[in-house]
Structures are given as C-alpha cells and as structure tokens.
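Two complexes follow with subunit A in common, the first pairing it with subunit B and the second with subunit C.
Let's turn to the complex of A and B:
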C-alpha cells in the first residue's frame, strides 16, 4: 500500500494565530481517515489547505505522487479530489439533478459548437452523465428529491446532495467536512452506512473531519487527533479514544 | 396606425436599453458588482466602430466584428487591471471605481475623437421598409432583429453550453463552482468580455439613430432603470424592462407635455420600487427572518 495523500510539515497562520503547526500525515489508498480535535483545532484549515482554498506558509501536500501545493483551487476536481463543506455550498436556485450534473463538469469534453448544435457525441455524453448521476441517486436514496430545488429542501437532504455532487466527480479522494453536523441521531447513523457504501462501491479514499466520536469510531480506519493546530496522536479509533494526550486535549489536565 | 408606428420606434429604443441592461445584469449576476460604466462601454463601442468603418475604411460587417472583438478584449483588460485588484473590497468601493471608470472613458473618448458629434456611416440610412401603411427605418429594424438574435443566442448559450453553465454556476456559488472544477476568476474575465461586447453591439446598432458623442453613454442610466424594472439579476427581465421603458418613453413623448418624456425611465423606476421592489422577474428574494 502506498500513500494516496501525504501532508508534509504543513503550517498555516493568520496574522498571529497559528491555525496549523507542522502537521504531517499519510493517508493510505482506500482507507477512511478521520481528523478530530476540539473546536478551533485547525481541522477545517487542514481541509482548506488540501483543497487549495488557503495557501500554506510552509510544507507540502503530495497527492497520487504529485505535489499539489501550488495548484489553483479549480484544478482540484480534475485531479480527483472532491469535497463537501460544513455548512453546504450548493447551487441554491437549481434542482438536485442539476447540482449533481455539474459535478460532471470536469469530465465534459465537448466544444461550444457541438454543444449548441447538440450533436450525437454531446447527446451520448449527456446520457452517460445522467447514468452516473442516477447511480449516485440510488446509492444515497435521493430519488424523491431529484427535481426539487435546493432552496426548498431540509438541511439533512442538502448535506446529502452535496455528498452526491462530490461523488458525481468520481473522485479518488473525498473530503467530508463534518458530515454529521446539524443532523439528528438517526441521520447520523445513516452517515456511517453511506460512508461504508462509498468506500466500497466507489473505491474512494475518504478523509473526514468529524466531532461525533461514535461515528468516527464506527467508520474510520485511522484517526488523527490535533489540538491548537498541532499534532496530538495518530492511531486506530480505540487507540485514540484511550490516548492520554487526546483526553487531555479535550478535557484539560 | 400612429399608435403602432410609435410602438415600433419604442420597441427599437427599448431594445437598446435592453442590450445595455443585459450588460449590467450579466456582470451583476456573475460578480455581484454593478458596473456603472456600462453606458460608457457602449459609447466606446460606437466610437471604435466609427474608427474601423469611417476612419480605416473597413466595410460595415467586418468593422462590426472587429469592434465586438476589440471590446471583448477591452472588457478583459478592465476586469484584470481595474476590478480584480478590488476583490474583497466593500461593494461601495467597487461601485465608485466603475463610476470613475465611466468618467475616464468619457474623457479619453473626448481626447481621442473630440467632443463634436460624429455620424457612423452605415448601410441603413434613409432606407425604409414599408409594411402596408407602416414605415419602419432599416436602422430601427436592424436594432430589433439584432436584439432578437442576441437573445436567442444567449438563451442557447446559457442553457446548453459547458461555458454558459459554468458561468451560471460561478454566479450562484463561487466556492461550489471552484470545487466542481470551474476556474471562477477566468469566468469573471469572460463575463466582462461578454458584457463589453454586448455593449459594443448596442453601440453599433444605436449609432445610426443617435449621434456619436462622448456623453452618449448617459443612456446607461436609463438602461439601469430598465434593469431594475425588469428585476435586477434577470436577463429576460432586462430585455422586458428595456422594452417597457422604451415604449413608455415614446408614448410620453407624444401625449405628455414636452420635456416630461425625458423623466419616464425614472418615474417608472420609482413606481416599480414602490409597487414591486423585486422587479418583474424577481431573482432577488427578500431575506426571510
């Protein structure tokens, strides 16, 4: 097994605040890797570094053998990395279906004129995209919401649509930012099921930032604990839960 | 018959407002800035056409195309050079920049082409199409046909093409657009290119019916009213708002005391803001609390 993604000595600060300090970790191909930590520990900052929303002060990120530290944010999807957001970032005025179809944007290879004329090749491509989207709809049980506009959907469904859009990119690496935040206990339980499905059916490697320790222990292969932007511990969920440094980070001395 | 005649000239004037209003809306939707130099872009387009056709002696259609292409480039240059450095600044600062840009463009046009009025030579002047009793000047017909063609092209572009859809995506949610792989900044440049070339088309079409002068861009203020009447942020709304303002203005010209017609656009704006502030095609929703 080789590492799909390696973070090497990442550091990031905003003015005097050190959001991420010298963090390194490897994520193996096919695993579910969780990042935990108290509020403000720098979990989402690490995500934003990987997805190139923030520029690291120092360090490197290597994805599939290639450094991505200076790639622009819009190149991330075509490299095979998809992400979701803590508070969902969707196209509010569009339907679930359109939100998912645009996930295929980077895979679309047709030019302006063939699109305007709706040539055979464009039609074939559309049909293929639609099939991929329908598979994702089936996986995540979104059938009944297919033609609804995002603005009219409850929060839990929106979070699912965001995951669905990310899957339509057919990513090698999926970044889930607090998939259970704002969900009720029942929905949170579902999260662990679809994470398993995604990992199995799509072969996607998953990195997840999560607060719910139940979900983390059930779904993750390995867990990275951080506090105040710095490394605390890395290991299996049970190792992390019983780690004295982790308990100190959450509860104090 | 007279009513119909006025209706047609109102529609052709309204199309010009609509084209400029579409430029406002395009930039606003994509970048959430209001470009108050939109009218000046139209003026610049008209002067460029004058340079290509009257000064350099190109014939009308190649001159037209050269104008549209040059304006697209100017649009990109303005976005890159003037507005991109303003990303993250307060909207008011950006607005002031575009107003300032309008002043600069007027001054530059005055310096290059002079302040006296000019006429763009065109293949329409003097020819009139007669449909039974109606007579429609070819220049007005060209405006109407040109606007219609552009509307259809825009509809197809935004509905079916990868680029058009990417533009809509970038205007709805930048972050989400980035992470489905859309280069949002490049899209902004393209939106400015599109908007400036739209202004160029408006400028070339309007030149035969109005005279070229550096202050002709003030028509942009009326077009701005039209965009609000139509519902700021909606492309069909921009055209419809333009048509309504244009037609109302022509009728006011005929039936109301002289001078009143000039205020039509603003009166309609005030009425619309009182009665239906979101405009005809509401694309901006009131925040629910």
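Let's turn to the complex of A and C:
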C-alpha cells in the first residue's frame, strides 16, 4: 500500500530563519500521525506547506498519488485535505451552523444564477448540506451551540467548531494543529475520544501537531519529532518518548 | 423571553423565520402599497428615491458589509447604469430589458474593476475604486455622442405597454417592484454558498482559502454583483433625475452611498433601508439648517460633504453596527427581558478592516 501523503525533502525559510529543513515523511492511509517538537520547531509551517499557504523553497508533497506542491491554496480542500488552525480561524460574526456550512462549499453544484433565484435545486442542496452538518454536530456534541455566533463562544467550543467545520468537508486527510492547546484536562481527555471517532466513522487519516505527550501516546500510531525545522526521530509513541535525541531536543544539550 | 422552536431545516433556510416576521413584513408591504393614496407627490418622490438608493445600497452592502471590501467609487456604477439605460430606451428597447441590460453592463464593469484590484484591501482598494470612478466621470464628460458630455442629455420616458412609468405614482410602483426583486435576489444569494463564501472572506481570508474558497473568483463575483445592483439603481435614478449630467455622479455621491451602508448597519439588509431613509432625509435637514444658521457657516461651500464625512466617522467609532445594530440591541433587550446584560455586546467590532496583514 502506498502512502496517502508523502512529504519529500521539504524546505522552507523566512529570510535567515530556516523554519523547515529537508523534512521527509510518509503518512499511511487511516493512521493517526503526530508531529511533535519544541516551540518554533516548524510544525505549523509544515501544515502551512501542506495546505499551500506557504510556498516551499524546495521539495515535494504528494497526496493520493498526485503532487500538490503547485496547486493553489483553495484547491487543497476539494482534493480532500481539511485543517484546523493553532489559534482558531473561524468566521467570527457568523453562527456555528454557517461556519460549518462553509465546509460544504467544495461540494456545491449551484452557480450564481441559480442562487440569485434560489431555484429548487439550490434549496435541495441546502437541505442536503444541513443533513451532513447535523451528523457532524451530533458526533461532536455541538447541538446547544448550533445557532450561536462564534464571537460569543468560549475558546474550547471554538476549537471544536473548527474541527467540526473541517469535518464537514468530509476530508480524506485531516490536519489538526494543537487540538488540545487552551483546553482544560477534561476537554483534553475528550480530544482522544473524538479523534478515535473521527478516524473510525469518517475513515479520515489524521495528522496532528500536539504538545500534550499523554494525548499523543494515547491517540497516535506513529510520531515524528522535529527540532529547529530538522528531522529528529520517527517511530511509535513509546519509541519516540524514550529516544535520546528527542529528549536532548526538548531539554537542550 | 421568546423561544423559537424549529422543527425543520426549511425554517433555517426560509426568508421569513417565523410568523411574527411574516405578520410585520406583511403589514409593511401593505403600507407601502397603499402609500400613494395618502401622501402627496413630493413625499412620494422622496420615497421612490429611498427605494432607488436602497437598490444601490443592497449592492454596496454586499460588497462592503458582507465581503468586507470598501468601495469609494460606486457612483461610477450608478452612472454606468443610468447612461446605459438612457441609451437603451432611447433606442426604443423595452423597459424591463433596458433596466436588466443596464445592470448587466454595470456588473461587467464591476468585474473589470474587481479583477485587477484583488490583491488590494482597505485604503488601497478605496483609492483604486476612487480612481476608477474618476475615470468613468471623465469618460462621461468627454464621450459626447453617447453621453451628451458636460451639457448632459434628457432621459427618454419609461414607457411600458403604453403606460408612462417615469414619474409620479406609476414611477413609485416601478421602484417598489424593482427594490423588492433586488432584495429577494440578495437574500437568496446570502443563504446560498456564494453568499456564505463572501462572508467567509470578510471574516478570515486564510481560513476561507483553506475551506476551498477561491478568493479571486469570489471577490470578482462580489464586485460584479454589487455593481450590477447599483447599475439597476442607476437606471431608475436616471428617470428620477430626468436629465443626466456628469455632476450627478461625483465622489460626493459615492461617499453618500458608503454613508448609507455604514449608518444603516454593515452586514445587514435591514440596515440598507434605514441608511437609504437617512441619506434621503439628511440633505433636507442640511437645507433647513443652512437657512437657520448664521450665513457665515450656513453658506459654507463644503458643508454637505463635510457633514457626510463627519457622520461617517462618528458612526464608525461609536456605533459600527449602525442603526440596525442599535435596533437589534433594543429588540434583544425585550426578547430576553430579565436576562439582558450590558456586556452582551462588548465584543462587537467593525467589519471595515483598513488592513489585514496575514
């Protein structure tokens, strides 16, 4: 079986800062793959490279057998890659429902003219969208927040809404950037449960950036450790936790 | 308190969410339909003007309030609509077709402006649209065979199936009919994927992109649709003016249009109508003020634009959600009666971003 996503010799720098240096990894279909590393290691940068918000200086990214390194950012979602952001990037002034409906954007069949007239086909599509959105709402227990505006929600709920919005794309690959940051221990506990649910019910492959080692070891199949933009180690959670190079990277020499 | 029990997704999708709304809007519809029986010609004309501004406002609201792109050049689209319409009916084309074509032509111009200005936001975009409006003004002034140049031109009467609709009560109903159509179209757009993607761009471009929204395409559509509505307003405006000359479509008009959407309340179609009433009443108010103030101030040449600008700034600072936002707060107070807290609206901030660095 070939990998769902493979990063090949990715490099990225900002002026003098090498955010990512020659990173390569393969993510298999159906696995939960974690990326760990100290602050500023380049984890978010790797996500931004995959979602094409940043242009790599060199290297290639192959998704489902196709190179996506020169695709425009807005094509990535329709290929089946969804993501969340470290500090949440929601549509602040909209309701939870509308945020999630945006997730259906790539699946729309309507055009401007049918929408201006709100033809029957558009209404049918809206109903269809809502059915899918409702399933995700059920999965992530967001019923009580359905019609609330994002601006009025607590941080923990916003994080969930972002995951929900990404799931509405029905992605093949889900990128989660620090899903547990800013959550209380109880909510963090829940994260590992819904990660399990997502990978089971939606059959989505998950790449997760995470600092909480408990969560990482509980949820992930494999872990990639990086530091200063460079590869440190790759292996199962327990291998990585006991790896001397990883410990050195976290503690400093 | 009021709770709305939803039993079907259709209720989320429908224009009217509950029977209360149906009742009040039905009453309003009845009022505006019988209005000509009760009010005299002058006020009927003013009310027609409110509708015309509201049509342009719907267009500008979609761009500024919903997509978050500022335009200081919408007078140009009003002008394109007006001149195109005058030209088409002058050639003897049927009225509805002519209005539609005026809108489409203006939409095409909008797409043309939208395209090259995609990478601009905030103040740069405002300046680019300002420049565009200036170019259109110059073209109108110098393309004499079509526009009549500085001298201007008479607008042919709007005759449809033997009826003259260009003034008085028939014109009132024409404007009412068109504004209702435009409003429905805009509301339809906003409850569809394209409308949602416009709002998404306003709130977070990065996130919108990652959700599969093509920024360039959506912004171009927003510009085109916005210009299209404003062009339709221009067609009706031509009849309202009766005589077209370049000085009817200056920067002052653009600012007036922007004032309308800001004062009304960015991001809401209700706001468009509050704003339209406001900018129709304001000049009357200024005229009365001029008479009562001492001559030195009253006859100041820049009084009108100055006041427009001042009001715009004051609203942006103190009530960014405009008259409609104020109304919502009052309504919420009664809806949630014992529970309302002053802090409920603390988070609200303006949609107009001058800059977005990411």
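Please note the rule applied: the second predicted complex is superposed on the first by the 253 of 253 C-alpha atoms of A that agree within 3 Å, B and C clash if a C-alpha of one lies under 4 Å from a C-alpha of the other, contacts with A are read in each partner's own complex, and residues count from 1 in each chain.
Here is the rule we use: contacts are C-beta pairs under 8 Å (C-beta built on N, C-alpha and C of every residue); 3 or more make two chains touch, one makes a residue touch a chain.
Because the structure is predicted, anything quoted here is derived from the model rather than measured.
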Joint occupancy of subunit A by subunit B and subunit C, clash or fit: clash
Which of subunit B and subunit C A:167 touches, first, second, both or neither: neither
Partner chain(s) touched by A:20 [first = subunit B, second = subunit C, both, neither]: neither
Between subunit B and subunit C, more extensive residue contact with subunit A: C
Subunit B versus subunit C as contact partner of A:73, first or second or both or neither: both
First (subunit B), second (subunit C), both or neither touched by A:123: second
Touching partner for A:108 - first (subunit B), second (subunit C), both, neither: both
First (subunit B), second (subunit C), both or neither touched by A:5: neither
Partner chain(s) touched by A:97 [first = subunit B, second = subunit C, both, neither]: second
Subunit A residues contacted in one complex by subunit B, in the other by subunit C: 51, 53, 72-78, 82-83, 85, 89-94, 102-103, 105-106, 108, 110, 112, 115-116, 118, 165, 169
Subunit A residues touching subunit B - in the complex, by the definition given at the top: 51, 53, 72-78, 82-83, 85, 89-94, 102-103, 105-106, 108, 110, 112, 115-116, 118, 165-166, 169
Partner subunit C, residues of subunit A touching it in the complex: 51, 53, 72-78, 82-83, 85, 89-94, 97-98, 101-106, 108, 110, 112, 115-118, 122-123, 126-127, 130-131, 151-152, 165, 169
Touching residues (chain side subunit C, partner subunit A) in the complex: 9-10, 12-13, 185, 188-189, 191-197, 199-200, 202-204, 206-215, 221, 225, 267, 347-348, 351
Residues of subunit B that touch subunit A when the two form their complex: 156-157, 160-163, 165-166, 169, 172-173, 175-184
